[in-house]
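Letters A, B, C, D, E and F mark the chains as written, and numbering starts fresh at 1 in each.
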Amino acid sequence: MSEFLSQGGYGAYVWGAYGLTLILLLGEVWQLRRQRRTIFARLSRMIRLRTRRERGDPA
Amino acid sequence: MKLFRFSSPATFYPLAGKLIPLFWVLTALALVIGLYWGFFETPDRLGGTNPQKEYYRIIFIHVPAAWMSMWLYLMLAVWSAIGLVFNTRLSFMMAQATAPTGALFTFVALYTGSFWGHPSWGTWWDWDPRLTSELILFFLYVGYLALHSAIDDPRRGDKASALLAIVGLVMLPLIFWSINCPDPNQCAALHQRSGLSQMEGNILFAMLTMTFGLWMYSFAATLTRLRSLILEREGDSAWARELLERER
Amino acid sequence: MLEVADLACQRGDRLLFSGLSFSLEAGTLLHVRGHNGSGKTTLLRTLCGLLTPDAGDILWNGEQVRRLGEDFHRDTLYFGHLNGIKSDLTAIENLRVAAILDGDQAPEAAILDALEEMGLAGFEDLPTKVLSQGQKKRVALARLLLSRAPLWILDEPFTALDVDAVDRLQLLISEHVAQDGLVILTTHQEVPLTSGQIRRLHLGVPSDADPAGAGLAVGGQP
Amino acid sequence: MWQVFRCILGRDLRLAMRRRTEVLTTLFFFVIVISLFPLGVGTEKQILRILGPGVVWVAALLASMLALERLFAADHEDGTLEQMLMTPQPLSLVVLAKVTAHWLLTGLPLVAMAPLMGMQYHLPDTALVAMILALLLGTPVLSLIGAIGAALTLGLRGGGILLSLLILPLYIPVLVYGSRAVTVSAIDFAETLPYFSLLGAFLLLALVLSPLAAAAALRIATE
Amino acid sequence: MWQVFRCILGRDLRLAMRRRTEVLTTLFFFVIVISLFPLGVGTEKQILRILGPGVVWVAALLASMLALERLFAADHEDGTLEQMLMTPQPLSLVVLAKVTAHWLLTGLPLVAMAPLMGMQYHLPDTALVAMILALLLGTPVLSLIGAIGAALTLGLRGGGILLSLLILPLYIPVLVYGSRAVTVSAIDFAETLPYFSLLGAFLLLALVLSPLAAAAALRIATE
Amino acid sequence: MLEVADLACQRGDRLLFSGLSFSLEAGTLLHVRGHNGSGKTTLLRTLCGLLTPDAGDILWNGEQVRRLGEDFHRDTLYFGHLNGIKSDLTAIENLRVAAILDGDQAPEAAILDALEEMGLAGFEDLPTKVLSQGQKKRVALARLLLSRAPLWILDEPFTALDVDAVDRLQLLISEHVAQDGLVILTTHQEVPLTSGQIRRLHLGVPSDADPAGAGLAVGGQP
């Protein structure tokens, strides 16, 4: 196992390359989820505001 | 006619929603197989004219990322062109959804190449034509994203950055060529690319599998982003409100 | 002959108007009204071809304006919120450039006449930046005298003008209409005509009367 | 057509004459950037000679780019651009005329100044000649490509630096061949021919394509 | 007083976070300018190593200057600057807070990027350390001096290029000592001390004087 | 107590007014009128100390405004043509920054109350760029509720407001005057007060009546 991790002494390079790539891809996925959630939040808020206005609430 | 039906955001939104899980599954499968093959079914050393040690395994992420970066730029420009010619909102959104993922892969290619270059060439960076062109490609992606986000009116932003993407596509061959061949007097001798034909079968298989995986990843990511963009832009329309009511 | 069919325009994420249809014959003045931000300027710029509508068609003499392109521009004179004159050039220079670009052969004498007609005698060869706001506007309006375009599209042409200049401009407009011209304008005041017909278009949601958002009313002579 | 071209060209030149500072500022920017380098890098003759062509070209790139920011901006702000869009003239002709005026006002003076700058870097005479020729062919390309960026960023906040982000990468071919031509000329002037023909080809290509692209960009920007 | 400083600092940082492009654009401008030089000058390791410090500094100068154009412009356009002039707070404190925010957003990232850029020029490790230190001391000076120019050119047409004309000459001392420090460090790091102390002295001087000057310039510009 | 003695202001090469003198006690509203470009904004900005007058003195409680500097700013609230709010910050954030800069300890609750009072409940934490023109103006006007400055200088505060908001603002102003505050404003409409006195200042050359260029008239309660 440790032999596999060390990659013949070049582990830092190999895992450095794969590691950051993984982080970046996961980061993109996380960012996509967050974007989706904020858009949903904003839209449902707008709907709430609109229905309230249609009902004629002053506030 | 059918094509036009799917070019409407309202019909495309649910369709994309059904496709995305499929792409995620394919991504995971391909990446697992590719990585397993790359790390366990390949030799630790490469001999030949260009001996390499274990660090050559960076190839399984480096080369697919570099390919995807170029492929996605092409897609970006094509969607932009379709948008400008037919004035379809969906193609602009498609272009906009493609750009961040493309920029990401460009960065990954640069970064992993750098991590390969240090053990192999003894330097993190060199002004090698291939490297430089990839850097310029990165700048083009960043320019597209910056222009789009600098314009408040989304429709003007769509069109302006679409035009930029097309101008970039026209200029790209010129730029690449000028970097590859800065000296037209001796151009023929300069360019040499170690062909894939010399590559061992296992390495090639792992690399192609990884490429397929990243490709599927690109589909999944861009479609997810596209769905968000559609909601953001069309959130006020009747179908989107209906959909929101249902999902709540 | 301008025909508009089922026009819709959106700015930002607000739908300003939709389903707007009307057709205007020669010798008509269309007076577009509406509160601030109701989309008057947007409509006028869309009719000019400066904005792409979100839906609908605009036909000039039966042909799509988009398709006509420069031929349509030859027949139109647009006067926007901005004067469109360079403050470092003199009135004469400004008008000469405008005339050449419009493809008119405006000789020096015609330009001088137009400026005098607009009450700018004596100011012809000063850089327009030293003129007052109203005088600048007059320089820009002198183009109406030089142009031979049948369709005038004027966005709030009366602002910044004094009573005298307003009268002159109204005369110009009604003469143009009388000579079978077509005028589309926005303004917050009434425009009397000596001949031809006035039609009115009200943009925006007027209190209760017209919940559809845009109403078109046709009026005869005042 | 020719009359329209001449009319806009004359108009822009006349405007520039009435407002000389803007033109002079560009020139001084070019001079200042070039003069900064020896301060940063050191003043050894040998090194300056190697640096010279590249520095002059990069400075030309930056100066032309910064000046481009104002190419359509003034006309946009006072409404004359809108009027030009409404004239029965092909918009790309208008763009071409404006770019020509712009180049005469900022590109040509750079070409004239360049030998002086080259002298600061101890370039040999053949290199100075090559520099003039290369700039003469290259700077119009810069103006033409830059016009597209200027149109795209019209009226945006922070337009200047955004413009550079968009345009500088597109300037690379001109930069590469332009500065290489000067470097090569210091060794053997005859060798420079391919570079000049390449620059000439770029110029022709840009003359044909970029007015069209810039016109399209202008229509988008004024929507 | 400290509360006011923190309030404006926080406000400007938050605004920048909501409008990230402007910050990123500056950074990329820096990167692009640095990447252009090897294309113009040639890619020989030996030469690049000599060029490196100078190029990084000139790029930092240009990037910081271009970004400064927007330092007060946004607040001027929406009237918040006027409001700040009307608050019972010393204007130079407000300026200092805004400059600090500006430096954190554009200067500090440059410092962080600089080693990467240095790598492109094959600089040795000691030089990279010296580069970071020099930029850390020098870029705040650039922001502080530039603030005066930004205030003076507020709301003027063609402000960007005019600003560079005013400010670039004032940047020269920082450029000279900053790049010299890096060059010297490649030979002997101990020798760099005098350069750093000079840069530090500049920084102190600028911290004291430039907010006052910029505040005065702001009052003039908003008249 | 604001005193103005022999004030003169010039913009460009036009003398806008000269020899302007008046003094205002606590509990007064000064209504400045005049046609476009007559110098209303110039006068207000001069009173604030944003512009240097070409001649004359401005005294606040007997001391030169210029000399008082920041102490005078503590006593003044200026509201100009521009709203002075950042479009990327929310209403709450905008008001919090303004309060800290004004040296007030405005707690979160007070800010929320002020926003609700201005009819902005539900919009507190949206970036102000998504608000309409009138709502933006209300955010800016909420500062009037938070500030404790005795002197308000308001440049056309009623524009872009709907009837409802205009009423609310008029109430605010007359309450401030009733509590011995001092208000200087420009507007093209009448401002009714419940107590205190209104004074009127007419800038520019009104047709024939007042050739001197600036006239000051004092009116009682409406």
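Here is the rule we use: a contact is a pair of C-beta atoms (placed from the backbone, for glycine too) under 8 Å apart; a residue touches a chain by one contact, two chains touch by 3 or more.
Since the model is a prediction, treat every value here as computed from it, not as a measurement.
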item	value
Furthest chain, CA centroid comparison against subunit D	F
Longest centre-to-centre distance from subunit A, chain (CA-based)	C
Geometric centre distance via CA averages, subunit C-subunit A, whole Å	51
Rounded Å distance between subunit E and subunit F, as computed from the means of their C-alpha atoms	38
Centre-to-centre distance between subunit F and subunit A (centres being mean Cα positions), rounded to whole Å	47
Where subunit A touches two or more other chains, by residue	none
Touching two or more other chains - residues of subunit B	139, 142, 146, 150, 153, 179, 182, 236
Residues of subunit A touching subunit B in the complex	4, 7-10, 13-14, 16-18, 20-21, 24-25, 28-29, 32, 35-36, 39-40, 42-44, 46-47
Residues on subunit E engaged by subunit F in the complex (per definition of touch)	3-4, 7-8, 11, 14-15, 18-19, 77-80, 82-90, 222-223
Subunit B contact footprint on subunit E (complex, rising order)	20-21, 24-25, 28, 31-32, 35, 38-39, 43, 119-120, 122
Of subunit B, residues touching subunit A in the complex	39, 44, 53-55, 57-58, 61-62, 65, 100-101, 104, 107-108, 111-112, 115-116, 118-119, 217, 221, 224-225, 227-228, 231-232, 235-236, 240-241, 244-245, 247-248
Residues of subunit C defined as touching subunit D within the complex	48, 50-52, 70-71, 73-74, 76-78, 80-89, 93, 96-98, 100-103, 127
